[in-house]
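Order of writing sets the chain letters: A, B, C and D. Residues in each chain are counted from 1.
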Amino acid sequence: MAKYEAKGADYWVIPDAYIPEKSSGELTSHESVCVLNTASEDAHLSFTIFFEDREPMEDIPYTVEARRTKHIRTSSLLKEGTPIPVGVPYAIEVRSDIPIIVQYSRLDSTQAENALMSVVAYPAK
Amino acid sequence: MAKYEAKGADYWVIPDAYIPEKSSGELTSHESVCVLNTASEDAHLSFTIFFEDREPMEDIPYTVEARRTKHIRTSSLLKEGTPIPVGVPYAIEVRSDIPIIVQYSRLDSTQAENALMSVVAYPAK
Amino acid sequence: MAKYEAKGADYWVIPDAYIPEKSSGELTSHESVCVLNTASEDAHLSFTIFFEDREPMEDIPYTVEARRTKHIRTSSLLKEGTPIPVGVPYAIEVRSDIPIIVQYSRLDSTQAENALMSVVAYPAK
Amino acid sequence: MAKYEAKGADYWVIPDAYIPEKSSGELTSHESVCVLNTASEDAHLSFTIFFEDREPMEDIPYTVEARRTKHIRTSSLLKEGTPIPVGVPYAIEVRSDIPIIVQYSRLDSTQAENALMSVVAYPAK
């Protein structure tokens, strides 16, 4: 069986994260952290969430299987059962035990029509 | 005749790809993988498409001619006649035999008004 | 107590900045410079604002505390009490005494519906 | 007088360029190539425009003065009096005699409401 290499970096940052409080129209406001694992082995991720005025939520685990992508809704990330609060500016740090590639996208449907933004996360050293 | 150099990288990744199911208003929802080949020779590309819960569609070929750009609609990429499914999160890997530069853009017209997003793909090593 | 490392770069640039003059609908047009400081010590930033046809506004100070993010509204940056003018193209330079990560986002609500854009700033050397 | 350093890179690429044919609502559809010149000396730029099916428009000159930004409308770039065609996919190469930083943004107002996208250009080697 072919052995595929892990591509990318093992540490990524997204400074501008925000879960909109409102949705209208056909689609729900949300953010996705989109991860690609090109390798033949699973990637074990750990998310840390930073805020403006309180301590970080540290080390939320997540697995992306071998040769798969996951588009992870930030609202699904839980720290001891507690989700990331909505309507609050925050930032995301992603660590992985093998190299991955990370992109962040937000759909804002506060108004009836949608607004979209996307960035490739920053692979800080 | 001038000889132009190939610029960029030969391996690029786009973790957040998605073909919207619906269009309304004047423009059709679509994604484009935009490639620039600055060289005096053709670039031979190979696309692999990754999913959340099934095996990748591997090695879809595409040629970008010398000193040309191509804005490739993802809906036009076929693996043995089968297109990428719509309404499904996926990720894109682009390999090329010579360096190129890759950008990804999405127009979402699910609502009557349009939403746009764009990233330069990540040139993973 | 754990000692956390400063991640990122100490010099970042955003060439395309612009504060929209108008807002309509539910949200106010604005820009944010979003900074993450992963370190155990505070980051001391200095902003310089460049224009098309006049001298830069130099060295506006800002502090991002240890292990915190700040999503800084550009309209809050003051040089000797004077804000950045609205409706004028400009560019932003960010220096920091320790490495940070910087992202820039703009919400334009000139029309009733919103438009969003975002980029990770460029860590120039 | 202080001597400021040129920051960034001297070669940048934007693969996805497109001048929308239509505008509606309050703002005009347009693209901007936003350049920051941090140096104490002028930057002399040269634009080359690539197409899908014809020869490039080469070497359109442009100057960005010392310590200034320019947000250049692509519709203002002329090759021997001829502008870039509208409604046609193209790509942009920017060369400069000193390092600069380049960002690309597009406002699409084909529909009454606006859509925005932006990327930092790719500093290819």
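We adopt the following convention: a contact is a pair of C-beta atoms (placed from the backbone, for glycine too) under 8 Å apart; a residue touches a chain by one contact, two chains touch by 3 or more.
Only a predicted model underlies this, so the values are computations on that prediction, with no experimental measurement involved.
Trainee: Need the most distant chain from subunit A, centre defined as the mean of C-alpha atoms.
Mentor: D
Trainee: Copies subunit A, subunit C: same or different interface, half of numbers shared as the threshold?
Mentor: Both copies touch with mostly different residues.
Trainee: Once you find the CA centre of subunit A and the CA centre of subunit D, what distance in Å lies between them?
Mentor: Centre-to-centre distance between subunit A and subunit D: 31 Å.
Trainee: Taking the mean of the C-alpha atoms as each chain's centre, how many Å separate subunit A from subunit B?
Mentor: Here the centre of subunit B sits 22 Å away from the centre of subunit A.
Trainee: Any chance you could list the residues of subunit D touching two or more other chains?
Mentor: Those would be 112-113, 115-120.
Trainee: Spell out the part of subunit A that touches subunit C in their complex, as residue ranges.
Mentor: Residue list for subunit A touching subunit C: 11, 13-16, 18, 22, 50-53, 55-56, 89-91, 93, 106, 108, 110-113, 115-122, 124-125.
Trainee: Once bound in the complex, which stretches of subunit C touch subunit A?
Mentor: Residues 7-9, 25-27, 32, 34-36, 38, 67-71, 99, 101-105, 107, 112-120 of subunit C touch subunit A in their complex.
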